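Per-chain residue numbering starts at 1, and chain names A, B, C, D and E are given in the order in which the chains are listed.
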């Protein structure tokens, strides 16, 4: 679905133009056309391919979707795939935005999983003509910056989930929940990482040494995006590393708790076993068992049994088993 | 076994030619010969070596088989080994395709484990003369693309197996099955990785910087193959990583379940031990045990015993041990 | 908040100057201005941006804060972010210092979490005119050196915490505490690492091969800082590695202790169970049980029971179970 | 001990020559001398050093032995250390071969742990004059190829050992054996890896970019050796990785089995404890216990006890505890 | 403390010279001065700094000590830090040697933890004038070679400690000792690694590509040192890796032993529980229990009990539980 299709000249909006006129405008000097699609249909992409002269393989990738984030050069033009990440109901939702950038055009196409629209990006760009004058490379930067800025709240969500788990990690009896949450969190982090890591690598090639000719003058802006991605990536690595440690710690806590249960079991078992053994002895049917005849034999027996139990109880208590 | 042997000129099929004429056609300008073998016998390979002038070491490798995926330059020609991967009855079947590519010939030879034939590739190529005109490099691309495209369903199979295991990972009493499945899955992933990783590395050298002269104009196509391999490789890494975590989590789950069993055991043992201790006490043979004489001594004793048991049961229940 | 704003010429302090005059002094040859801010407000940063002609993206980063440590070139000027690390009450406190360096100015801005002020750095620099003559690059070095020197006491704290844990790692019954301390220590190490690792990487680019023009003559000084960071980083890696091993060892110790508890439990259970079994036998109500009639049946029974118990006790003792 | 010492010219054997004449032959154009030593004594090495003009450090290394596999350039000559690997009685035996290669000589010296002799290599080389004509570089290739070809059966042995362990990994009660075998296998793999990995790295520098002048024309042959080493190395990594997983899985299996034992123990303990508790109750000595007087009290009691036991047995069975 | 201070010319010892004359000798052509200090005091270092014109930062590092091993270029001179490693009473003792090397001087300074003196190095060098003629670079090589040669016995000690642990790793009841030894060994290995790894990296830059001008002609000697360090480093990695595996295996062994203890406990508990249950049954006080009246009831009861016990004992035996 076509969202909008606008021609810009010298940093100013020239006009909303019909799709058929794109190839005309594109030929004019100092002019570029910025088209936004959503859930682009194969036919729409074919029209665009003809108007802008896009490379077949790039269009093929856009048609199929499910690409890795990447930045590919086709001659003087770029084909960029970025992933949008949003959180909805605690789940991570990953969408895809394909951007074709040439000397005098930008074509962005987002799929339906991408919850974010780029109307704000266009509006802001139109309010800053001195920036927009830099042409398609600036638009590419603005789009990527908008996408990457939305990674930060997702990162915050992941970090606060991790903190919640960490608060429970040393509580007794929560290990089953903790391990489930850690596993689920790990999956989310992995998903986000798959959006961030290849993009960081790709953006790294838009500043510094050998840079595509389009981005020659905007290196500092792409370095900024690169730096943001670097920060996100370092934070994700940190979360991953902490999750790995937390899983190990969790196992230790299970083992420690088991140990405590075992000790308690051992202690109580010992106490009752000794009582039962005493009772067993005095329950034997020997003819001659003098203490059985005593007036206070029974209270004495109870006293002995309780005494032994108490003695053991205190010893176990001191040893930390009870 | 020779499958077919065809000469092409200017993107058009010239003729099916007999093997003996290959060396003639190969000498004609703008012409190339595309030969397909299956389960090539040493004699067949020797004929081909003479007709095409293949390098001895490359032919030796093709004869022996069981090569790593690789792309080797011998002067102006390339020797390419790729692995086909298919799934049959849930198992991964790995076959091998050896491709010799020169300025004016392509020779592919697949072994019997490679379930896929390349008739479709040839048919499609013949329907696209503008592509086929690019010569042997395009044929190489088409073959590799066909092979790599078959990796995706295998990847899907591995991912859905992993998902099935993940659904059971937190269920009780399934740990033995889970660990077996995880181990089996890990083996499959390793097998696929051994087909993908070296090929990705090798294909990476067919686009970008220093490229063999044959592939000079088809860099974008090989980058596309490279990108597919990259995606598969990232997905495999993801599965591997998840398996590693799942094995750890599985161990934690075993420990947690053991802990629960231990607690239950401790609780019931305590309950019965206390009953037995009481019974033991009143089973002692002391002469003077007044409560034994009471009319309602026995019911009272039972009441005490049941009462203590119930009390303990409730306490254990509240503590989550039962 | 402006801390101070001073112009230097030829290694000597010229004068404290008002902020509005900065742009004048900056234009004079052989002169540079060194400004220190604390908790810089957006308006202050804007004034500075105008006076010094700072790059918008750099100022934007300084305004937002929470940057990764980095060194970015904007034309001939540098934008440097370093993290200060202090320990307060056993906790690690991370602050941020942003430094803008140009041909003839240095502007440092630290946030409120940075417990360290740079008055000492300025005083020392003013006492060494031959160094200060080298201009802003030397000031940058002096500031970074001061920040990095404060990392060492934090490192010492982490190392001595680790040693304390290590002393307890093989003691019985301390596993729960140990694992908690190890986890907390790991978090601190991670925090410090995030300040050190990216800075080390960035400083590495200030000496050796391609160096920003400002730092051309001060390479050896930055190599010194780099070397310090390298040492800290190696020490942190060491701590991390030791923590990982310690966590594993802790788990082993828990398992070993559990084992010992189990053996003891098994041994005592066996001893009492055998007593109870004997007592049970002699407590049976068979009519004809000759030993029950014996004069010394009871002492004999007790002797047998005690004897068997002692025998088992010794055997278990020798086997190391008790 | 001198094995043989032969001069070759133009790919043909010229003559067996005495050691003293080496320096003469070496001076002749288009001629090279190929000497083989075994368990070279210091004096022999000294003679060779003088005849061939070997570098002192290389000879020193050969004298001491126990080198890492390596390829070192000394001016125009090469000093190569490779490890032979054989298996004897299931153990890995590592020997060492030192090879000195110059423009017109090859000197190989193997120690007594190297079970393989190189007579076959020489015989084969003499049968292929067109190859041998390429001079010392070809001889070096032939020697290395012979050594590396012997790695494959060792690899097969390691892989089949691993498979044997894998077949037992999920069997009950084999964990102690498995872990011992895995540990022993790991050691062997490590030993082999130490022979393979540095050699692979070194051989990688004999083809491709900057190549020692001797090997300029034989790059494709060394690439072949490199490729074999790559395959072996990848297979070893695979075994290592599988061993690591198998050790983890083994631990899980131990824990799972323990869990099952615990459950069984808990179940039977519960069944007998309840019997004993019932028996204890009816063994109490209360005066008034009506059921004791009943005609069929005893069978009833037995019925109750057996009934309860059977009920519990079935419940545990259904729960999978028994 | 000054050990000695000697001037050399053309490979020959010229004279022991007083410290004040150093700057004179240093100016003479083809002459160099070799000074050895021990536990250098700040004043001594200052004198040396003046005589040799050492760089301030290098002297500062030497004064402070506790440096990482490193090789730093200051103009045409080198500042080298190496660690000496010795073993005393099974402990690893790490000392530090700082070496300043210029065109015509060598200054070495070792601290008191460095148990090794360099008199032997000097004596050997003076006996080899053809080597010493190569100047300070050769002296540097000789010193480093002497230091690195002392690493090998330490390595042997670590390896034999590991072997001792490995012999006990599958013995029963040694797990607590093993894990302690493994942990202690890991610490030692880490200490040695910190001396070896950075030095190896640094020495790697003294041969091959871009080499400091002083070491231009001695590349092969430094490659030899590099190779030794490589061997040590590979051996250390091997030990580390084996320790990691051994810790895991140890945990498995603990778990396996626990399992066996549990099975035994379960088996004996079952045997005695069944005896007790039988005894309990025949200890019940029912009026009508015919077997109690039988003449041979008691022997029969004992026979039944012993029979059941024996039956269970054999079954458990066969199942490997006892």
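Keep this in mind: contacts are C-beta pairs under 8 Å (C-beta built on N, C-alpha and C of every residue); 3 or more make two chains touch, one makes a residue touch a chain.
Fair warning: this is a prediction, and the values are worked out from it, not measured in the lab.
Traced through touching neighbours, the fewest hops from chain A to chain C number 1. Shared contact partners of chain B and chain D, listed by label: none present.
Copies chain B and chain E of the same sequence differ in orientation by 145 degrees, per CA superposition (steps of 5). If you average the CA atoms of chain C and of chain D, the two centres end up 40 Å from each other.
Shared interface positions of chain D, defined as residues touching 2 or more other chains, are 248, 251, 255, 258, 262, 265, 269, 273, 276, 280, 283-285, 289. From chain B, with chain D next, the chains follow one another around the ring as B, D, E, C, A. On chain C, the positions that touch chain E within their shared complex are 169-170, 220-221, 223-224, 227, 230-231, 234, 238, 241-242, 245-246, 248-249, 251-253, 255-256, 258-259, 262-263, 265-266, 269-270, 273-274, 276-277, 280-281, 283-289, 320.
Looking at the complex, you find that chain D touches chain E at residues 55, 57, 61, 67-68, 70, 72, 74, 173, 175-176, 179-180, 182-183, 186-187, 190, 194, 198, 244, 247-248, 250-251, 254-255, 257-258, 261-262, 264-265, 268-269, 272-273, 275-276, 278-280, 282-285, 289, 291-298, 301-302, 305.
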